[in-house]
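Next come two complexes built around chain A: one with chain B, the other with chain C.
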Partner chain A sequence: MRRTLRIYRRSLGAHLRAVLEYEADFWVLIVAGLLFQVLNLIFLSAVFAHVPALNGWSYPEAVLLAGTYGFVNGLGPLFFEGTWRLAGKINHGELDYPLTRPAPVLVQVVSGGIGLHGVGDLIGGGAMIGWGLAHSDIDWSPARIGGALLLLASSATILLSLIVVGNAASFWVGGNHPVFAMTLIRTGDMAKYPLSIYGVAVRATFTVLVPYAFISFFPASWLLDKESAWIGLLTPLVALYCAYLARLVFRHGLRRYDSAGH
Partner chain B sequence: MKPYLGLLRMSTRRILTYRLNSLILWIGGATFLAGSLAVWHALLSEGAIGGYDWDQMKAYLLVGWATASIGSAYGDWWMASRIFDGHVATDLTKPLDYQWARFSEHMGGLATEFIAITIAATAIVTFTGGLVVPGPGQALLFAVSFLLVAPLKFTIAYITTMACFWTQNFMGVSWAKDAIVTLFSGALIPLALLPAWLAGPAAVLPFASITATPAALYLGQATGWEALRLLAVQAAWVLVLWWGARLIWRRALRALTVHGG
Partner chain C sequence: MSLVEARGLTKIFRRPEKDPGLRGSLKHLVQRRFKEFRAVDGIELSIEAGESVAYVGPNGAGKSTTIKLLTGILVPTAGTVRVAGAEPHTDRMVNARNIGVLFGQRTQLWWDLPVRESLALLRDMYDLSPAFYKQRLERLDEVLGLADLLPVVARKLSLGQRMRADLAAALLHQPKIVYLDEPTIGLDISVKDRVRQFLRELREDGTTLMLTTHDLGDIEDVCERIVIIDEGRKIFDGPLAQMKDRFARVRRMHLQLAEPTPAEKLAERLPDVEVIAGDSPTEVTVTFDRFTHTAGQIIAGVLDVVEVGELHLDEPAIEDVVRKVYAGELLR
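Then we have the complex of A and B:
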C-alpha cells in the first residue's frame, strides 16, 4: 500500500513538474476553472435577486450547495486527471506500457496527468462554501464539524469513483474521447441545485442509480438540517460502494483490452 | 469550392464513424437541457421573473441550447491538435485557404446538429405541453439569425484556437472561451436578468448575437426595425471577426514552432 502511494505521488509529481514548465498555461487553466465557479455564482445571484428561496433553500444555502459541488469537482482534475486519458490510451494501444510495469495499472492510469483548472475550482468552490457557511444558520458542535469533514471526504470519493467508472466505460464504448465519462459527469452538474426541484424520476435516479445527490445535496442537507437530513449520513456507505464499483468495472474493462496493432 | 465541400463531407463522416460516441454526447446535451428546464420550472413556479414566464422561458432555453449546439463539432480541437503536433505544416502546403478549410470542417456537424435540435424541440412540445411559436415574419427573421450563428461561432472558436500558437494547452483556453461565451451570450441566464455591471459589457460584445439575438427574434421581443438592426449587428460581427481572424493568423504563423520533421 505504501509503495503504491509512493508510486502515485511520484507519477503525479512528474506530471506536475511537466505542466509547470508552461507558465502561461498554468494561469489560463486556473482562471478557466475559477471562471466556471464564478458563472455558477452569477447565475445564483441573478436568480435570487428575483426570488427569495428555491424550494426552501435560501441564497447562502444554495451557494453552499453549489460551492460544495464545485470544490469536490476540483479534486478530480488535481488528483485523477490521468483517468480522462484512458480512452486515448486504449484507442492508441498505449495501455501496453502500464501493463508491463510492476505497479497497479489503475494507479498508473489515474496518476497519468494533472489538471490545474482544479485549483480554480477549489478556490472558487472553497470561497463559496466559506461564504455560504458564514451566512447560513448552522448549530456548530465538534460532532458536526467532524461529520461535515467525513461527508466531504466521502462525497469526494464518490465523484472520483464515478470518474473512474465513466472512463473505464471506454473499454466498451471505444473511440478516442471519453464521451461516456463526459456525459456521466456533466449530468451530475444538475446536482449543484437542490435535488427537490426535480421530478421524482430524476430524484430516484440521482439517489439510487447514479448517486450524484450524495456528492453535494445530501451532505449539505445534513449540515443544514433540512428535510430527511439523516440520508446524508449514508454518504460514507455510498462512497465505499462506489469505490468498490470503480475497482470492479476497471478490472472487468481491463480484461477486454486487446491493444492496437503496432 | 469543391475541395471545401470535400472537407465538409469528410468531417461529417469522421463524426459519424463514432456513432455511439455522438449519441452519448447528445444524450448528455439532452440531460443538460432537461436540467435547465427543471431548474427554471422550479424558479418560475411562483410567477414570472424579469418578464419571462414559463412558456417564454421554455422557448428561450430551447433557443439557447440550440444555438449552443449548432456548429460545435470538434473542428477547433482537431485544429488545436494539428498545431501542437506540427501537422499544421502539411496543412499549410495544401493549395487551400486555411480559414475556409477549417470553416468547412467546422460545419461538418451541422447535419447531425439539426436532427438533434429537431428531436429536442419535439420532445419539449410533447412532454411540457407546447411551445411558443412565432408568426411567419418573426420566424423568418429568427431563421436568418439562427443561420448566422454558425459562422459567428466559428470565427470565435477559430480566433480562440489560434492561441495554440502561443500556448501548449488548448483545454484551458477553450474552457475560458466557453465560460465567457456562456455568460455574455445569454445562454447562462437572459441578459436582462444580469446585474448592470455585466449587462453593460454584454451589450457591446459580439457574444450577445449568439443567443440573445435569435431568442429575442423568436420570442418577438424585437420586431420591425429593431429586429433588422439586431440582424445587421450580427452580420457585422461575422464579417469583422472573419477578417480580424485573418489579421491574427498572419501574426500567429510567425509564432509557429514545429520541432523535427
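Then we have the complex of A and C:
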C-alpha cells in the first residue's frame, strides 16, 4: 500500500512538473477554475435575489453547499485527471504497457495526468465554504470539526470513485471518449443545490442509485443540523461502498480489455 | 522446466458482425451477431533461458497476440502459459519483474514527460536501488547513446531516438526475458544496425530474447532459432539453418556461357528444371530443386551442350523461405 502510494505520488509529481513548464497555462487554468466557481456564485445570488430561502436553506447555507461541491470537484482534476484518459487508452490499446509493469494498473491510469484548473476550483470552493461557514449558525465543538473533516474526506472519496466507475464503463462501452463518465459526473452538478428542491424521484435516484447527495447535500445538512441530518453520518459508509465498487468495476473491466490490433 | 512454456495456447476474439453502412450498424444494435476469430490457435512453445527466438509470420498471423498472451496483457481463451514459473495474467506483478517488453509501434514513455522522468518512474515501479539504477543508466548510455535523450520530452523525439529510449525503458530493470515486437520498424539503416548490435550484446549477456519482425535482417543478425506461424498456428520451429535446409529447396544457378545458346536447347538436355535466358545471349539462369538434382548434375548437363565460362550459385536466403510462407505456399 505504501509502495503504491509512493508510485502514485511520484507519477503525479512528474506530471505536475511537466505542466508547470508552461507558466501561462498554469495561470489560465487556475483562473478558469476560479471563474467557474464565481459563475456558480452569481447564479446562486440571482436566485436568492428573488427568494429569501430555498426550501429552508438560507443564502450563506446554499453558498456553503455549492462551495463544498466545487471544492470536492476540484480534487478530481488535481488527483484523478488521468482517469479521464482511460477511454482513449482502452480504445488505442495503451494499457498494454501498464499491464506489463509491477504496479497496479488503476494507479498508473489515475496518476497519468494533472488538471490545474482544479486549483481554481479548490480556491473558489474553499472561499465559498469559508464565507458560508462564517455566515451560518453552527455550534462548533471538537467533535463537529472532526466530523466535518471526515465527511469532507468521505465526500471526496465518493466523487473520485464515481469518476473511476464512470470511466471504467469504457471497458464495456468502447469508443474514444468517456461519454458515459461525462454524463454521470455532469449530472452530479445538480447536487450543488439543496436536494430538497427536487422531486421524490430525483431525490431517490441521487441518494440510492448514484449517491451524489452524499457529496455535498447530506454532509452539509449534518453540519447545519437540517432536517434528517443523521443521514449525513452515513457518508463514510457510502464512501467505502463507492471505493469498493470502483475497484470491482475497474478489475472486471480490465479483464475484458483486449488491446488493439492482433 | 523451460523459461517460457506455452501449451495449447489459444486466443479467440469476438468481433461484431455488421452489415455495411448506418443501416447495418442500427440493425446490429437490435440483432447482435458476432463472429469468432481465432488469432492464436493451439500454439506449443518452449523457450530455454538464453535462447534468442525470432517469431515470424505474415501480417495478422497472430504474432503480436502471442506476445500479448505471453506477457499477460491478454487472458488466453484456452491453454496455459508459464514464464519463469509464473502465470503471466494471474501473477501479473511477479511476471512483470521478470520481463521487458517493447512494442515497436508504440512507446511506453510518458508522452508529456522528459525521458529522464519516464525512466525515474520506471525505477520507482521496479523498486530499483539508486546505485543499480545509476549503473544501468551508464550501461544503457554506453550502448544506446542515451545521455542526449534524457532531457527531451518524449513527444519531441524522432522515431530512432524514441526507439532507443524505449529500449532503455524496457531493459532498465535487467529483465530475464525480453519480448520485442517489431523493434526496428520504420528505422533507417544506421539506427537499425545500432539496435541489432545492441540486441546481439544483450544476447551475449545471457538475456533471453523473443522478437517478432518483418525485417529478415533482424533475424539473421540476432536469432538462432526461428518459429514461423501462420493463421495462428505454428508451422515451423527450429534452428535457422535447419529451416533453410528444409524449406529452401529451390536453388538458382547463374551461368556465363562460352557462346550464345538458346535456353530451349539447354532445357531439352535438362528435364524438370527451369532454364531462363539472361540479359545477354550468353547468360542463363537455371532453377532447380536440390532434392531431385545436384548442382553437379546441372553443370554436367550444361557442359554437354556448351562450354561454361563462369557460374555462381545463389545462397538460399531466408527471405525466399519466409516470402513463400507469406504467400501461403508452404502450408500445403
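Keep this in mind: the second predicted complex is superposed on the first by the 261 of 262 C-alpha atoms of A that agree within 3 Å, B and C clash if a C-alpha of one lies under 4 Å from a C-alpha of the other, contacts with A are read in each partner's own complex, and residues count from 1 in each chain.
By our rule, contacts are C-beta pairs under 8 Å (C-beta built on N, C-alpha and C of every residue); 3 or more make two chains touch, one makes a residue touch a chain.
A quick note: this is a predicted structure, and the numbers were derived from the prediction, not measured.
Superposed on chain A, are chain B and chain C clashing or fitting side by side?
Superposition check on chain A shows chain B and chain C fit without a clash.
Applying the touch criterion given at the start, work out whether A:W57 contacts chain B, chain C, both or neither, answering first, second, both or neither.
The answer is neither, since A:W57 touches no partner chain.
Just chain B (first), just chain C (second), both, or neither: which does A:V173 touch?
Only chain B is touched by A:V173; chain C is not.
Per the contact definition in the header, classify A:F217: touching chain B only (first), chain C only (second), both, or neither.
neither
Counting only touches as set out at the top, which of chain B and chain C does A:F206 meet: first, second, both, neither?
Once the two structures are laid over each other on A, A:F206 reaches no partner at all.
Which of the two partners, first being chain B and second being chain C, lies in contact with A:R6: first, second, both, or neither?
second
Report the partner of chain A that touches more of its residues: chain B or chain C.
Comparing chain B with chain C, the partner touching more chain A residues is B.
Check whether A:R255 is in contact with chain B, with chain C, with both or with neither, and answer first, second, both or neither.
Only chain C is touched by A:R255; chain B is not.
On the overlay, how many Å separate the closest CA atoms of chain B and chain C?
Taking the overlay as described at the top, chain B lies 7 Å from chain C at its nearest C-alpha.
Touching chain B and also chain C: which chain A residues?
none
Show which residues of chain C lie in contact with chain A when the two form their complex.
13, 39, 60, 62, 64-65, 68, 71-75, 92-93, 96-97, 99, 101, 103, 106, 108, 110, 112-114, 117, 120-122, 124-127, 153
Going by the contact rule at the top, pick out the chain A residues touching chain C in the complex.
3, 6-7, 10-11, 14-15, 17-19, 93-97, 99-103, 112, 255, 257-259, 261-262
Where on chain A does chain B make contact in their complex?
Interface residues on chain A, with respect to chain B: 22, 24-25, 28-29, 31-33, 35-36, 38-39, 42-43, 45-47, 49-51, 54-55, 115-117, 173-177, 179-180, 182-183, 186-187, 189-190, 193, 197-199, 202.
Show which residues of chain B lie in contact with chain A when the two form their complex.
18, 20-21, 24-25, 27-28, 31-32, 35, 38-39, 41-43, 46, 49-50, 166-169, 171-173, 175-176, 179-180, 182-183, 188-189, 193-195, 198
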